[in-house]
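Data first, discussion second: the structure below is written as structure tokens.
Just so it is clear, A, B, C and D label the chains in written order, and each chain counts residues from 1 on its own.
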Amino acid sequence: MGTTAAADADAETETVTAGVVGGSGFAGGELLRLLDGHPNVELVQATSREYAGKSIGGVHPNLRGRELRFSEPSALESVDVLFTATPHGITMEHVEEYTDAADLLVDLSADFRLATEGQYDEWYDGHTAPEYLEVAEYALPELNRENLGDADIIASGGCNATATLLGLKPLADAGVLGSEAQGASDTSSGGEPRDGADVVVDVKVGSSEGGAGGGAASSHAERSGVVRPYAPTGHRHEAEIEQWLGLSVSFTCHAVDMVRGASATCHVFPDGPVSKKELWTAYRGAYEAEPFVRLVAGGSGSYRYPEPKAVAGTNYADVGFELDPGNERVVVFSAIDNVMKGSAGQAVHAANVALGFEETAGLEFAGLHPVGSP
Amino acid sequence: MGTTAAADADAETETVTAGVVGGSGFAGGELLRLLDGHPNVELVQATSREYAGKSIGGVHPNLRGRELRFSEPSALESVDVLFTATPHGITMEHVEEYTDAADLLVDLSADFRLATEGQYDEWYDGHTAPEYLEVAEYALPELNRENLGDADIIASGGCNATATLLGLKPLADAGVLGSEAQGASDTSSGGEPRDGADVVVDVKVGSSEGGAGGGAASSHAERSGVVRPYAPTGHRHEAEIEQWLGLSVSFTCHAVDMVRGASATCHVFPDGPVSKKELWTAYRGAYEAEPFVRLVAGGSGSYRYPEPKAVAGTNYADVGFELDPGNERVVVFSAIDNVMKGSAGQAVHAANVALGFEETAGLEFAGLHPVGSP
Amino acid sequence: MGTTAAADADAETETVTAGVVGGSGFAGGELLRLLDGHPNVELVQATSREYAGKSIGGVHPNLRGRELRFSEPSALESVDVLFTATPHGITMEHVEEYTDAADLLVDLSADFRLATEGQYDEWYDGHTAPEYLEVAEYALPELNRENLGDADIIASGGCNATATLLGLKPLADAGVLGSEAQGASDTSSGGEPRDGADVVVDVKVGSSEGGAGGGAASSHAERSGVVRPYAPTGHRHEAEIEQWLGLSVSFTCHAVDMVRGASATCHVFPDGPVSKKELWTAYRGAYEAEPFVRLVAGGSGSYRYPEPKAVAGTNYADVGFELDPGNERVVVFSAIDNVMKGSAGQAVHAANVALGFEETAGLEFAGLHPVGSP
Amino acid sequence: MGTTAAADADAETETVTAGVVGGSGFAGGELLRLLDGHPNVELVQATSREYAGKSIGGVHPNLRGRELRFSEPSALESVDVLFTATPHGITMEHVEEYTDAADLLVDLSADFRLATEGQYDEWYDGHTAPEYLEVAEYALPELNRENLGDADIIASGGCNATATLLGLKPLADAGVLGSEAQGASDTSSGGEPRDGADVVVDVKVGSSEGGAGGGAASSHAERSGVVRPYAPTGHRHEAEIEQWLGLSVSFTCHAVDMVRGASATCHVFPDGPVSKKELWTAYRGAYEAEPFVRLVAGGSGSYRYPEPKAVAGTNYADVGFELDPGNERVVVFSAIDNVMKGSAGQAVHAANVALGFEETAGLEFAGLHPVGSP
């Protein structure tokens, strides 16, 4: 269990065994890549109903040459840490089996991201294991590091919520989002979120968010070159955002032509005047010690603001902002790789924290330049 | 002059001569394509300082096989209608020469889009021919059709402003944007625009907006796959939007990976409750007779909302919306081809109105499906 | 029937009725666009099993606003000309029904492209209506114009075969491909094609070739940015190429990141020395009177050779070449839009010839510049 | 010097100092990324005339947060190994300065890739330091590992040549390319390459090959979606291919829509019959011990053949083939990341060999799945 590991002075040289349930999807494949190269992890199993018996490199061509083969989900092995990258609803159904098989369960689905059954029912359909909701901890270390060390279940956040939260949380904590937002972190245990006409979040996402699968709308011919609104209102990731900010936001997503990436542009209208200096103070205070958040401060080159390209393949979140003096708007930009910081990388980062490993272990890839539509 | 043509019962079979100044750029090339295929136009000249002597098909490969060659700008011929597709600042410098050479001048630059010298100076540098500002008429027929017939100078609107205005004008006219907005059309002659924290406009544009040219930031390797904020605050097209809506908006642009297209997502927060029916009434009233605006009403397929792909190469604007009951937000989507409806197509449409031709003459292309990043 | 129409002096102002079977696919949608805008055609029916009852604009967003709705394939109406854009095997099954319903049948599938049952069986599975194979005429007017006027059934060629044939046929006719190739046009009625190690054809195609549908391999996330060999050997379009050139070629396809387009690079090794002048003579002789073939002769700009971008959305084929003195190789480039010249455009062009209309009627669109991945 | 290092039993824990001349370009930036993360390297300097004084993360956004700043090229520091990523012609001009400053010089330009002045003059303009040509060793370890240990100057190969050579060298060594090819490796010291009508190489490359810079032809609007022939005949990389295969090939390049990647499709016509088994024997014998070459053996998924996507960001070359029984053609596919295996990765790999480090040190990144146009 992570707490023991965390107490161990030799934690960084320790090795744990790990398994991945649902290893044939995009997030699952990324877990396989990260765990295969993780200095403290021995990857012992990857399950896939569809590809059982096939080598992992036969599904994920970047993993060609690895010996590991997919096994049936029914033949689950006991491991120290189990990652589940299954469609929503599967982990809650098997949560007892999974927690029996592993000391630490890290789930990448939406099943355990919300704190209460009431919140879950508001945004999703009925939860089949609600008693685990309060057991689970939200994975994002920048928001919840202090609770990860004791966690038995960790729920990796939604990609769009992750991008948005990393952009807005420092402003919420600094009181820029409104007076009630200051206690935002506490609202997960109750309280009515205040109305949020003050924050508009316009997110652009890549096609990997749709998962490995297909369908006419996500075919290359139909999806290439799109600027396609989807879930223009009522996106489920709003639930996570409300839970952590203590206020609701006006949220709209657009599919654009990239494979990896989620970019949140947050238009924030503070109640009163705010200065650039105050904003920098808020962001620097929040992130100066964070290994995976980089503040992007404008400048003169081609890359003046956060962009998903610059973090593709990495666990970084790039965050920056611009202040619009005319109408006292703060425009916050937050860019992540949805498969990494928005899913598998966040999960491994949280597991590193929980298990007492170096936080950046297995997550050192710096990203590429140039890179196209990563 | 257009007024004479408009009065002519045989206008639709009449032919005028036309020239294009600045025909080697993207908007200029599109003018050449449109005018070359226009049933009422004889294209007699295209100028280009850089490519004088070269065939127009040598620069614009879609026009291979045409006999017309670029001529020096200094050798300007007299024509009935002259289109200028030059960088900002050139037309104002040559406006006397151009209006001497042609009965009707249609300018695609920003030089004559604003109504007063004061407005111009607020957003651009000093105007060298301010006395022509009140002479010029804004090209967008959906906003200004009644004034085009008498025009001597027509100023084609900015692409981002065009997409935004087509999305928001019906709401302004219906009072949804605030009581003061109802007289919006009159504000071009003065008055202080009201503060506009109520409307956030998040625009996504293609690389053709940057024009034919190049530079490291717009190179394929750097620009592919981007979600790149640019002009996140203070974009000059806000001036046109303010002029026509009577209120300022919070405006931010992003470059995304497409070549043609401008897509405006407008997050509107009405003062009071508004119903879907009211909104449809407003949009249908505004656009039911418009030949180039299509209302997109959701539905079940891959294309539920306006998308630039669906209008690529055409003069259409697709407009639609979604109502967010939770926080009383209207999310308006407006998609155009920036080179067409946002520039050259708008110019030809306005000229058709001014000259009394069929409004759709030369603009009949229906667009393609499928189409990638057009 | 076409022959009557062809004899009619007023043919160009005549109007025929047309229907499209299989109108929801990519080629079918393109037919709808072309026929909807065709001056001599009244489009009266479009069938689709899946979308019966839905407006054609609900499936093809470029056709928004048209009133025509899909009808069930079983409710086929009698028309003057019927276009079938169904999967391979459907037209042969219904060929009696279709030829009863229309004077002229234009099929876009592979069912009637080959001249004999033996050829068909070599490349495809058993033909169920082989007696119609010799009735049908190959659509490509550049190869077979003289036989289209009397045709009852016209078979639109395969896109890759079309690109290849337009690049190589002038060389075959000029004897550059080998002495036996001179009688190539006659080989459709028999004769063993000679061995063709002398011609390597390397084709690059867009995702629209796969048709509207989907599947994991053609999803945006998997197909973006590919250079993916497919059918590296044994591609079925070789059959058409052999039929018309009289020799077999070494043929390999690659999927690349575009939606529309097929580009054939043909590496030709003549038996003896050949000069640029001879080559130009061959190509000019073959194509100088062709309305839809443009010879691209190098030059100094960005577009020195044929490229699919430059013909996207059009019925043009751009053809050019370079001569490699070192090893006496001719590198021929041929670029088309696979949905247009490689399918629906070719079909309409052939129908225009058969029906005695202006050859370019309904096919006037000039294409766009700039244009991305069309 | 590398030989000493190679002899050192503790080589793998040893650290050398390294500098990069020309660090602001694409290959230079990749060197900075690789050396910054290399366990045996201390990166002490990066020069850039244009960006001197600016942090390396200000030019390469993936390197945000690094402290190193570009320095003037004139202020060159002494290091153990110096990498030069400058335009062709610069290294030869400064070769004495560079070899004085470092024990080992690894050049990424074309200056020292060819063995003799005669070869150089045939393909490039006059060499200013021809006496170093025979001193320099070609970097590709798969071809020249045995000569790297003693090298003072290493010349990283051209990207298109690298992809082609890795695809064809096993066939040359196995005698499949013709009897004379067996002694191919020796032809660098003389001998007339035999005529090569038997091998056609059709290469597809990404936009990063053009380097950081710009220009109208490489702008996003012009280059998106291209299948653009360039250097269809007479490509300079043919010189390297001839040098190592002992025969000339028919070589043509196409720019396609990706940023990173070079994919060579080699159409090989052996003199006599060849079996799949013989081919597999040749490739397995050549590459089974190679850490960076993976044989791709068809199979059933989306990724049956080598594709640049599957190696993007990595130092891998994926190689595979298909046999065309009909005309006895072998179609060989070879895919690399041009910035990595085709340039900076190859350079670091060669330096690892020369310096006695683990060959894979600093080159462990596994690549991504899914990934777009990397």
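The criterion applied here is as follows: contacts are C-beta pairs under 8 Å (C-beta built on N, C-alpha and C of every residue); 3 or more make two chains touch, one makes a residue touch a chain.
What you see is a predicted model, and the numbers here were worked out from it, not measured in a lab.
Colleague: More C-beta contacts across B-C or across C-D?
Modeller: Of the two interfaces, B-C and C-D, more C-beta pairs touch across C-D.
Colleague: Determine, using the mean of C-alpha atoms as each chain's centre, which chain is farthest from chain C.
Modeller: The most distant chain relative to chain C turns out to be A.
Colleague: Kindly point out which of B-C, B-D or A-C repeats the A-D interface, defined as over half of the contact pairs being the same residue numbers.
Modeller: Having compared contact pairs by residue number, the answer is B-C.
Colleague: How many angstrom lie between the centres of chain A and chain C, each centre taken as the mean Cα position?
Modeller: 47
Colleague: Measuring centre to centre with CA averages, how many angstrom lie between chain C and chain D?
Modeller: 40
Colleague: What whole-Å value do you get for the distance between chain B and chain C if each is reduced to the mean of its CA atoms?
Modeller: 36
Colleague: Indicate the residues of chain D shared as contacts by at least two other chains.
Modeller: 26, 206-208, 212, 216-217, 221-222, 224-225, 257-259, 301, 307, 309, 370-374
Colleague: In the complex formed with chain D, which residues of chain C make contact?
Modeller: The touching residues are 195-197, 200, 202, 204, 216-217, 221-222, 224-229, 232-234, 248, 250, 252, 254, 256-259, 261, 263, 265, 267, 269, 301-302, 304-305, 307-309, 322-329, 331, 333, 335, 370-374.
Colleague: Would you pull the chain C residues touching chain B in the complex into a rising list?
Modeller: Residues in contact with chain B: 26, 29-30, 33, 36-37, 58-65, 206-208, 212, 258-260, 294, 296, 299-301, 303, 307, 309-314, 318, 339, 364-374.
Colleague: Touching chain D in the complex: which residues of chain B?
Modeller: Residues 26, 206-208, 210, 212-225, 257, 259, 372-373.
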